[in-house]
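Both of the next two complexes hold subunit A, though its partner changes from subunit B to subunit C.
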Partner chain A sequence: MFIHAVSQFVAPPAANPRTLKEVLKGYTDTPFRRVNKFILLALVGAHRCVRGRTLNGNASVYLTTENGNLGDTNNVLDQLYRQHSLPMPFSFINTMSNTAPFYVAQSLNVLGRNLSISGLGLSFERGLELARLDFDPGSVEEALIGAVDEAPPEGGAVHLAVEGSFWIHVKKARDGALGEVAEVRSFPDREALAAWCEEEPVLPPGRGLLACGAAVPHEERTDWQRRTGLAVFDYGADYGPFDTVTAYGITKFLETSPSTSLLHINRNGQGRYVALILHRYGS
Partner chain B sequence: MKGSLDNNLKMDLKRLIIDACDLDVEASDIDDDGLLFGRGSQLGLDSIDALQISIAVQKYGVKITDSKQMRRVMASINTFADFIRPE
Partner chain C sequence: MRNRAMIKGRAIACALGEDLDAVVRGAREMRPGIARLPLTLAGMDEVRPYYLLSRRGPESLSAAPETFFYEVLFDTVERALADASLRTADLRDLAIFFGSTAIDIPVYEHAYGQTLRETSRPASMVSSGYGRIADEVAGRFGIRGPAYTFTTACTSSANALLYAAAMIAAGRIPRALVIGYDLFSHLGFYGFESLRLIATDGYRPFDRRRSGIIMGEGCGAVVLEADDGGDAGAVLCGGANRVDAYNVTTHALEGGAIAQVMWDALEDADVEAGAVTAIKAHGTGSENNDRMEGNGMVRVFGDALPPFTVLKPLIGHTVGASGVVELILFTACLQRGFCPPTLGFEEADEALSLRPVTEPRPLSRGIFLLNFFGFGGNCTALVVAVRG
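Take a look at the complex of A and B:
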């Protein structure tokens, strides 16, 4: 699965939909109505990734998210249970999980598989995993894979510094690629991942970088560094934790690193692990 | 005074429609007698917009309960204003 383009869009949580609409106008003339913040984040990231190029009409869209349409879901629940009123129809429609990838596909005129994927702290990894499963038998030959999450509403228990939308454009064809998703491997626990690392060098020491997801504790990161012998690629300090931080790290690696490889290790609250290996080609 | 004779009410309704339906037009661009719904109408609104407006308009203390009534009431800004304030 070869990576042909990447995009990053990081916004402060206070960014309102009108601001995002203005940003989106920089990438497409298509007018968008009835869309909420989550959908606009998805559209900005996807269009920024495509940047006016035409995708194959059969291209697929895999949108990964930890929380989906958080703001509108909150609005609808508030209207139903606090205000005891009917929910606003646009908000109600936009709570459906697949609304955002639908808008992405419609605006880019692609008719391939269209999926919204969430996976308990490993959403982006699960999206890559699913895409690879579709690529391997040739069911899909081109796709956009994105990670989109809006910050929780103001006044909630969790405050995040940013929210974002991060996308990669992947194809089965290598010509012109800037990199490759070489491995997406799941492990039931830490021991299984450690055994895999010891079977054979995942990446030759000194020939790649190691990054760890936000949920991997500091002392564990040190252990993975010792086991792999790789230098650390640390992206977590840039904005602090936020829901799409893994996709941020991956796209940052692909946008800024010189020709090298990355082993990315992440875990979720259930102690399951996913290892990614990406190669970044020279320009 | 009938709603269709009250320019302030009609301006409020236009703003409500623009806001509720996420339209990129100015209130002053909406004609009082122009059709609001359907292809070729001035705003090109559809049934989902009608539902959205029917919920938003509840702040005026009115309820639109069936689709036939909705089509009749929301034909234009003037008919809508007269529904809100018949006399």
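Take a look at the complex of A and C:
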């Protein structure tokens, strides 16, 4: 699965979706009505990745998200419980997170698979796994894979400094690619991942970088560095914690690193792991 | 025909009951249990029909929804795992594929309402993470395989089935637990009412007088493994997913994308259209859905449309759970010797000229097409072989 384009959109939580609509106008003339912040975040990231290119009509869209729509869900609950009125129809429809990949597909005229996927703490990795499952037998030959999460509404228990939308454009064809998703592998626990690392060097020492997801503790990162002998690619401190931080790190590597490889290790709260290997080709 | 994954174990909770024999008996005898729920939260002095879980007590919609939510889920999963006779070591490798429309809304909307009673300005209540429910299942049963959550509206658990079977066939996992789960939520109930989609006078998919959907609760769990090549059981042969970009709330009436996903599914399963024994239609009972699905079926099968049926009048539209719940109900009925009927259908719609199965029809084996469609233009079709 070869990577042909990458996009990043990370910003302080938009108080008004109009801000995002203005950003989106820089990438497409298509007018979008009755869309909310979550959908706009997805559209900004996807269109920024595509940048006006025409995709194959059978291309697929895999949108990964930790929490899906938050703002409109909160609005609908407010309409129901506080205002005691029926929800606004499009507010209700837009509580469903798959409206976001729908609008991405509609605006780019891509009619292949269209999925909204999650995996607690590992959503982006799960999306990559499922996309590879479709790519390997040739069921899908071109796709957009994105990670989108809006910051929780104000007044909630959690406050995040930023929210984001990060996308990669992948094809089965290598010509013109800037990189490759070479491996996506799940492990039941730390021991199984360590055994895999020791079977054979995942990447030759000194010939790549190591990055760890937000849930990997500091002392464990040191251990993975020792085991792999790889230099560290650290992206976690850039913005602090936010839900799409893994996709931020991956796209940052692809946008900014010289020709090299990346081993990305992440875990969730239950101690299940996913390892990614990405190659960044020279320009 | 490709045989990707067989159903090794299954369990269901729906309006017809939880014991599979009782559920099938309810389907054969066509006796659904429909509650009528008030719309008081929105200040309306009206009621709407709803297929609640058979285990619901009179107070259960308002009392401790989180406890009820996980009781139903864990109990259904436990029964499916027992039905599959999995050993503890097998559980460790199990991968989880979870599909739902509402996810944990039934839990946190209750918390929202409760907080509102205690303070004039309630804290924002948000999902605890779409992937959390699958992780709760993993934690409860000692499952260490990967967990994938699908939120594609009414196709959610159908897509979970599609990917679980594909992953088994590719040799990436030995077995999968696939769950479809949607409980009553105020957000969903009042949301569908806001769209004027709820039928008030009976559930009649494909009937001339159809007037909309009736929602239902459902939890279904299946354990899938690689096909053992035996001469019994139900096997997922293939399927497909694609998007109809016509509109976020409805599909194009001519049924082009609907037809294409059925063709894609048949091709994926390596099955000719003429080999299909019967179809389980999605059949929401809305004016547009039945018309576009009817048009799509005619595009694929022409004058040779196989018998088709709709299960929703028996158990309600279980939205994101319908993929797994309807798969279990449909295959269980076939394995007991009949194709379940489309309850409520009486008069054909002249614009469609289609007549579903209306009485239990003797049928125990064959190749079946199962359709699922949802908001966001999502289209999924599955091909299932039942070997008696």
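Simple rule for what comes next: the second predicted complex is superposed on the first by the 280 of 283 C-alpha atoms of A that agree within 3 Å, B and C clash if a C-alpha of one lies under 4 Å from a C-alpha of the other, contacts with A are read in each partner's own complex, and residues count from 1 in each chain.
Heads up, the rule we're going with is that contacts are C-beta pairs under 8 Å (C-beta built on N, C-alpha and C of every residue); 3 or more make two chains touch, one makes a residue touch a chain.
Remember, it's a predicted structure, so these values are computed and weren't measured experimentally.
After superposition onto subunit A, the modelled positions of subunit B and subunit C are compatible, with room for both. With both structures placed on the common chain, the touch criterion links A:Gly269 to subunit C but leaves subunit B unconnected. In the overlay built on the shared chain, the residue A:Asn74 is in contact with subunit C alone; subunit B does not reach it. In the superposition on chain A, A:Ile93 makes contact with both subunit B and subunit C. Legend: residue contacts after superposition of the two complexes on their common chain; A:Arg33 is shown touching subunit B, with no touch to subunit C. Shared-chain residue A:Gln106: touches subunit C; no touch with subunit B.
In the superposed model, A:Ser118 lies in contact with subunit C only, and not with subunit B. Contact comparison for subunit A: of subunit B and subunit C, C touches the greater number of residues. By the touch criterion defined above, A:Asp136 lies against subunit C but remains apart from subunit B after alignment on the C-alpha atoms of chain A.
Once you line the two complexes up on chain A, you'll see the smallest CA to CA distance from subunit B to subunit C is 7 Å.
Residues common to the contacts of subunit A with subunit B and with subunit C across the two structures: 85-89, 93. Of all residues in subunit B, those touching subunit A in their complex are 20-24, 48, 51-52, 55-56, 58. Per the touch definition, subunit A reaches subunit C in the complex via residues 61, 65-68, 70, 73-74, 76-77, 80-82, 84-89, 92-93, 95-99, 101-103, 105-106, 109, 111-123, 126, 129-130, 133-134, 136-137, 139, 152-157, 186, 188-189, 268-270, 272, 274. For subunit A in complex with subunit B, the touching residues are 31, 33-35, 85-90, 93. The touching residues of subunit C, counted against subunit A in their complex, run 41-44, 92-93, 101, 103, 105, 109, 112-113, 116, 121-127, 129-132, 134-135, 138-139, 144-153, 159, 163, 166-167, 170, 172, 186-187, 190-191, 193-195, 241-245, 248-249, 257, 268, 374-378.
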